[in-house]
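Since the structure comes first, as structure tokens, the remarks are kept for the end.
Naming follows writing order (A, B, C, D, E and F), and every chain is counted from residue 1.
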Amino acid sequence: MNFLIDLANWDWSDIFVITAVGYSVVFAVLILLIIVYKLMPKVLNLQLKRRLKKEGREITAKSDEEYVPGEVNAAVATALHLYFNQQHDEESNIITIKRVERTYSPWSSKIYNMNNARHYQP
Amino acid sequence: MRRFVKYYTALAMLFMLFVTGMQAEAQAVAGESGGAFFNGLAKFWENSGFSNFDIRQLVMIIIGLVLIHLAIKFKYEPLLLVPIGTGLIIGNIPLPVSDAAIGIKDEGSVLYYLYFGVGEGVYPSLIFLGIGAMTDFSSLISNPKLMLLGAAAQIGIFATFIGAVLLGFEIHEAGAIAIIGGADGPTAIFASSNLAPHLLGSIAIAAYSYMALVPVIQPPIMRLLTKKRERIIKMPPPRAVSKTEKVLFPLIGLMLTAFISPGSLPLLGMLFFGNLLKESGVTDRLAETARTSMVDIVTILLGLTVGASTSAAMFLTVGSIKIFLLGAVSFGIATAGGVIFAKAMNLFLSKEKKINPLIGAAGVSAVPASSRVVQTEGQKADPSNHLLMHAMAPNVSGVIGSAVAAGMMLSFLM
Amino acid sequence: MRRFVKYYTALAMLFMLFVTGMQAEAQAVAGESGGAFFNGLAKFWENSGFSNFDIRQLVMIIIGLVLIHLAIKFKYEPLLLVPIGTGLIIGNIPLPVSDAAIGIKDEGSVLYYLYFGVGEGVYPSLIFLGIGAMTDFSSLISNPKLMLLGAAAQIGIFATFIGAVLLGFEIHEAGAIAIIGGADGPTAIFASSNLAPHLLGSIAIAAYSYMALVPVIQPPIMRLLTKKRERIIKMPPPRAVSKTEKVLFPLIGLMLTAFISPGSLPLLGMLFFGNLLKESGVTDRLAETARTSMVDIVTILLGLTVGASTSAAMFLTVGSIKIFLLGAVSFGIATAGGVIFAKAMNLFLSKEKKINPLIGAAGVSAVPASSRVVQTEGQKADPSNHLLMHAMAPNVSGVIGSAVAAGMMLSFLM
Amino acid sequence: MNFLIDLANWDWSDIFVITAVGYSVVFAVLILLIIVYKLMPKVLNLQLKRRLKKEGREITAKSDEEYVPGEVNAAVATALHLYFNQQHDEESNIITIKRVERTYSPWSSKIYNMNNARHYQP
Amino acid sequence: MRRFVKYYTALAMLFMLFVTGMQAEAQAVAGESGGAFFNGLAKFWENSGFSNFDIRQLVMIIIGLVLIHLAIKFKYEPLLLVPIGTGLIIGNIPLPVSDAAIGIKDEGSVLYYLYFGVGEGVYPSLIFLGIGAMTDFSSLISNPKLMLLGAAAQIGIFATFIGAVLLGFEIHEAGAIAIIGGADGPTAIFASSNLAPHLLGSIAIAAYSYMALVPVIQPPIMRLLTKKRERIIKMPPPRAVSKTEKVLFPLIGLMLTAFISPGSLPLLGMLFFGNLLKESGVTDRLAETARTSMVDIVTILLGLTVGASTSAAMFLTVGSIKIFLLGAVSFGIATAGGVIFAKAMNLFLSKEKKINPLIGAAGVSAVPASSRVVQTEGQKADPSNHLLMHAMAPNVSGVIGSAVAAGMMLSFLM
Amino acid sequence: MNFLIDLANWDWSDIFVITAVGYSVVFAVLILLIIVYKLMPKVLNLQLKRRLKKEGREITAKSDEEYVPGEVNAAVATALHLYFNQQHDEESNIITIKRVERTYSPWSSKIYNMNNARHYQP
């Protein structure tokens, strides 16, 4: 697309065009995404409604799927509290494995590494 | 007695070599002008790191140590600052002039091959694949309008572009430097590998340094631009997001962004691909590998070689100082852009839908550091207010926005 | 008041850029013929995906979405159809004519480098390594004569070869297309990367599509060719297999197949190597990595780049339609070949050793999809009959048979 | 081996030669493997017999190693039943780890991803 | 009746091909001089492995099987001997002369690309990264003076160098062969890929064979050179090592070794980098991946391609016999060097700080095989004496010493 | 550094120079490392002392950090005993996972592989 600007002999208007077009496109892309994602649940819901209508049923309890219920919210708050106060470890996954591993490996921290070192095949 | 003999036999064997060596020297001394051994040792010394040493390389090594220190002590972006710091040390060990290919610039050396993935933009793409496979976009899907904040904060990129041109950088260089304002490491590396490979080291280090300093840089700006009354705004909890929406998200995102800004395809195509692997529900093992071993291997190699490619001659320049200044300013502008845009949006929103403007700061794409800063600041104003989930929406859309902006720069400047 | 000032200062800062941009435009308007901004936007639009758009690319993108849909909804070969489908989308986004290397055909682009492993056959080899490390051959070892069924089903390959020549394909192309009849994705990719790189996309997508449709294609053929009386045959449980046999199996297999058909070495050498890592009992950690992270990384990259390399111009041709027709027929022939051969074998077997002819259908190498189809069909006839274990023997020998056949094609045609 | 056929000027007899030789070799390879794998347990057994003879012992309970005993078979059937009715997960391995992880991570599904997102180092 | 028809229809379809083939033959017989089918089969046979067979290739394949047997039966270095052994088999299958690229020397073959990492020294570097991420250096940090033993044992390298020159090897070859005396596989491969690529196979196999035989070679030498009174020496338990020391260790080690011996940077830079990832405490996920999936993938590919690149013509030479002889002698000298140096050190140490000279044998860098041999020998003299921890110090410093020596060789000879 | 020796026309003195310089440098590097690592704890301790002095405190129980206490040593010995007698597995990590996996997978060894084989996507 370098046709747009003569890169060897640019002037300030080119700089402003790049800036303005560039920033506008960033907004344009994200606004388009917003529109589509806003529409998405409605379209999906429509399909659901149609299907349910065919089956002769009515949609009633729509709202309780739309919003996270109160108790979940409370759990989230608690979790956040724990999260910020406990310095929870980066990857509970790995940590868990390590803990289980320890159970099977009666090594003190220093010896433990020798067990590890067995992997070394120079 | 038997042991005694064995002992001395072996000992003799051990030192025989030295003796022979000394004899050789003695002969050399006789025949030539000096002891071959000490001659050799002296020549060896002349060519070792100690005698080739340049004070600027020492500075680079100290910078490397400082980055490692920051990473370990303050946990600032350790996954990249530890490898980059080590790379800086490795890349600035003075090397002898030799046929042996050791340095990252010597064709055929190990580092030279490992650097290939940086120079050709392969590593950043693969990192985006891993990021896609580990990121949950549901907070964004549940409240799409917050994506505007991720767009607004990209003003940091374009302000930096103008700033860089003003400071005298060539136009391609300015385009590469601009991406620092997006607060996204792999994107900055990808852009500068294409636009200004000689600045890659400075840009990458500036980008990661400021990303590391997010908890230091952002809070004062956030407090300056908001009133207590705004900081205590509570936002309604995000709605639950269905699996279908989660699957459609990456597909739609991929197509829309790629159509409008094809230059961002190597980054965003991979990001959304990774996310599809995560959300499809039928490719869990691929997503798991993408977000663990694959991204780890690439991170190790990316960090190490980015560091090692940053030589003193290229880094310790006035240009780098300008890049760091631009980086600091652009971070501030990006943060301000996000916060102010959030306040502007509130003018159009009904009371119960008002946005807490703090989350605008998360529009820079430092995920999840910015979101955590927002959470912390929000709790300072009202300990019962949890903004983390809400901040994730502008935060991840900031990643998308930065990549689109980088794609635009590539489109315009290549 | 103080806040008010700050607010507006920052707001001013944010919009200053736009204003300056507009000024620049205004100047440009004055000096030149049109608004530089809208001019730039128009030119940008002209070069974005939307305006470069070709209806055939839309068709390709829809095909990609359909493959992804099949993978997610019906769990048809998801580990490959999701990456291939996404690749189809990425590869058919219209790209502007530019110096920026983005597309998979542009030398220097990320996808170009990632495609290397497909073009040179490295990925299929590594996938066979992973398959070897995850496959247990004990059902085959315990009842070797069932391997004949895996050989018989390869008639699909050779029938397709003749068919492809009849339909007017060039001889190398026919050789590559033939391998679809083997129902083995990596083998088909490996063969066509050598024999007919331009058909690789069509062949790979045909192969994986039919492999995905195994549960749809095979059952009617199986029922057509067998009587209820045959479908309820119960086979004696396989004998236990000793560790020594399991270790000797890959070594013997490697040497025999490589000696007779050296062309299959890149595939079968790796398959048996992987299996040796698994069965040796002393290299568990290598086998574990080979069948998890390694094969996953390769699968991701293989699927994505195979999809992305399949452009509309190459795929939406009469040739592809022929390839898909040939694929459907060859799958049927392969299935029939296996079942009929099983019935023929029964003519020579004593009553208590009779083979349930359904397991002949597992001679195509779609592992383990075919075996599961056999199990399901067997249970429809007699719910207490479990054929899964028995079907695995022809199933894995089908993999070997397909690779030998591909090696033969390479030997004859290169 | 392209000596075999003149690839530029092939005729139908070449096609049939490729087909016939190719298919024959596929059979030949697999038949050879069958023969060898048939012989293998006998050879191994022979060695065992020799060794046992040397040690002066007799082989008696050979058969119960040759065939999977009844109870194992029953277990297999049960397993197959579970397998086909439970839609057992692709990789119990990974699932297990995830479960353990959950125990250590008190996050709801939505929050949980933030914990995950901590890995992201842009 | 209906079934009967279907059955025969299908059966007809299956055998139609054969019949057509036979007809073609018949025609050919009529027109030309012989049956095209048998003619084709004969030509195929002429080009298969069986007829191209060279007795020396059989010898190589047997050597491969022996290595695999040793690995499985005695657990001698299985992680490398199984892949190398399989590689030897794969690399010595006789290949037809053809345009199809199959062998490791054919440009464009899969093995050719996988071998790249060996030829350019990339794999050994990455293996050192993994070793660094899995090795705990605390026993070395707690008792640094034991590092002298790791230095002393490197006499094996320099003795082998002189020996190789004496046996008539060219000086570069001698430098590569010398590294076998260091008992470190990746180091030996790295050095010979630079100094004498044509000897790489022999050197690698010699190095790993002797490393596998450590429990056989070392004990008699250890017992010969020590008295019971020495073997029962109990050493004080090592002190606890702080986290700060563990973090500083790789940083200091990296800088010191690289400054003095830049040639060792590709190996030791990676080793210390890996160790920093392990000890920093903030990059656990990177270290975890480096020491598992990454190092496993590299090990598989290294072993396989080193084996496959070792052709009969290059391996079955007088040179290889000399290399194996030199290897055996150098291992003995290295062991003796370590033990005798330990005894020499005891002359200067106070009674309660005396070193058990057995741990000197661990100065060869076969980690942790040597340490375990020391532990076993120590317990033979006094079952309550546990030397494993103490032996780890010279053992890991032997790795450093070997890499420094290899770096010196590269510096001198390139 | 090939300036050092004329590689095409080397003589025996070159060989001895390489040997002597090489071996000396190996020692030099490791001796330097010894010196630095010997100094390291002292320097670190010095810093600690200074900091403690500033805070007006005294260092008392230094020794019990320097040496591994007796009970740890006993544990180490036990661990070593277990280590050498139990043929402990290479990687308890992986083994652990496998064990857990088994719990969730009711397959006999032969069937179990079919579950595994599901991963195969040819």
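We take it that contacts are C-beta pairs under 8 Å (C-beta built on N, C-alpha and C of every residue); 3 or more make two chains touch, one makes a residue touch a chain.
Please read all numbers here as calculations on a predicted model, not as lab measurements.
S.K.: Look at all chain centres (mean of CA atoms) and spot the one farthest from the centre of chain C.
M.R.: Here the answer is chain F, farthest from chain C.
S.K.: Are the interface residues of chain C and chain E largely the same numbers on each copy, more than half shared, or largely different?
M.R.: Mostly different residues form this interface, as fewer than half of the numbers used are common to both chains.
S.K.: Taking each chain's centre as the mean of its C-alpha atoms, give the chain farthest from chain D.
M.R.: B
S.K.: Please tell me the distance, in whole Å, between the geometric centres of chain D and chain E computed from their C-alpha atoms.
M.R.: From the centre of chain D to the centre of chain E is 29 Å.
S.K.: Where the centres are mean C-alpha positions, what is the separation of chain A from chain B, in Å?
M.R.: Computed from C-alpha means, the inter-chain centre distance equals 19 Å.
S.K.: Could you say which residues in chain F touch two or more other chains, in rising order?
M.R.: Expected reply: 1-2, 4, 15, 18-19, 21, 23, 25, 68, 72, 76, 80, 90-91, 97, 100, 110-111, 118-119.
S.K.: Can you list every residue of chain C that touches 2 or more other chains, as numbers and ranges?
M.R.: Residues 17, 44, 47, 79, 96, 98-100, 155, 158, 162, 238, 240, 260-261, 285, 288, 292-293, 299, 388-389, 411, 414 of chain C touch two or more partner chains.
S.K.: Residue numbers of chain E touching chain F in their complex, please.
M.R.: Touching chain F from chain E are residues 140-141, 144-145, 147-148, 150-151, 154-155, 157-158, 161-162, 165, 171-172, 175, 236-240, 242, 244-245, 248-249, 252-253, 256-257, 260-261, 375-376, 379, 384, 386, 388-389, 397, 400-401, 404-405, 408-409, 411-414.
S.K.: Which part of chain A faces chain C closely enough to touch in the complex?
M.R.: Residue list for chain A touching chain C: 1-4, 12-13, 15-21, 23-25, 119.
S.K.: Over in the complex, which chain E residues touch chain D? Could you list them?
M.R.: These residues of chain E touch chain D: 17-18, 20-25, 27-28, 36-37, 39-41, 43-44, 47, 96, 98-100, 285.
S.K.: Quick check on the complex: what are the chain D residues that touch chain C?
M.R.: Where chain D meets chain C, its residues are 1-2, 4-5, 7, 10, 15, 18-19, 21-23, 25-34, 36-38, 40-41, 44, 65-68, 73, 76-77, 80, 84.
S.K.: In the complex, go through chain E and note every residue touching chain C.
M.R.: 3, 6-7, 10-11, 13-14, 17, 44, 47-50, 61, 65, 68, 71-72, 75, 78-79, 82-83, 86, 89-90, 93-96, 98-100, 102, 108-111, 113-114, 292-293, 296-297, 299-300, 304
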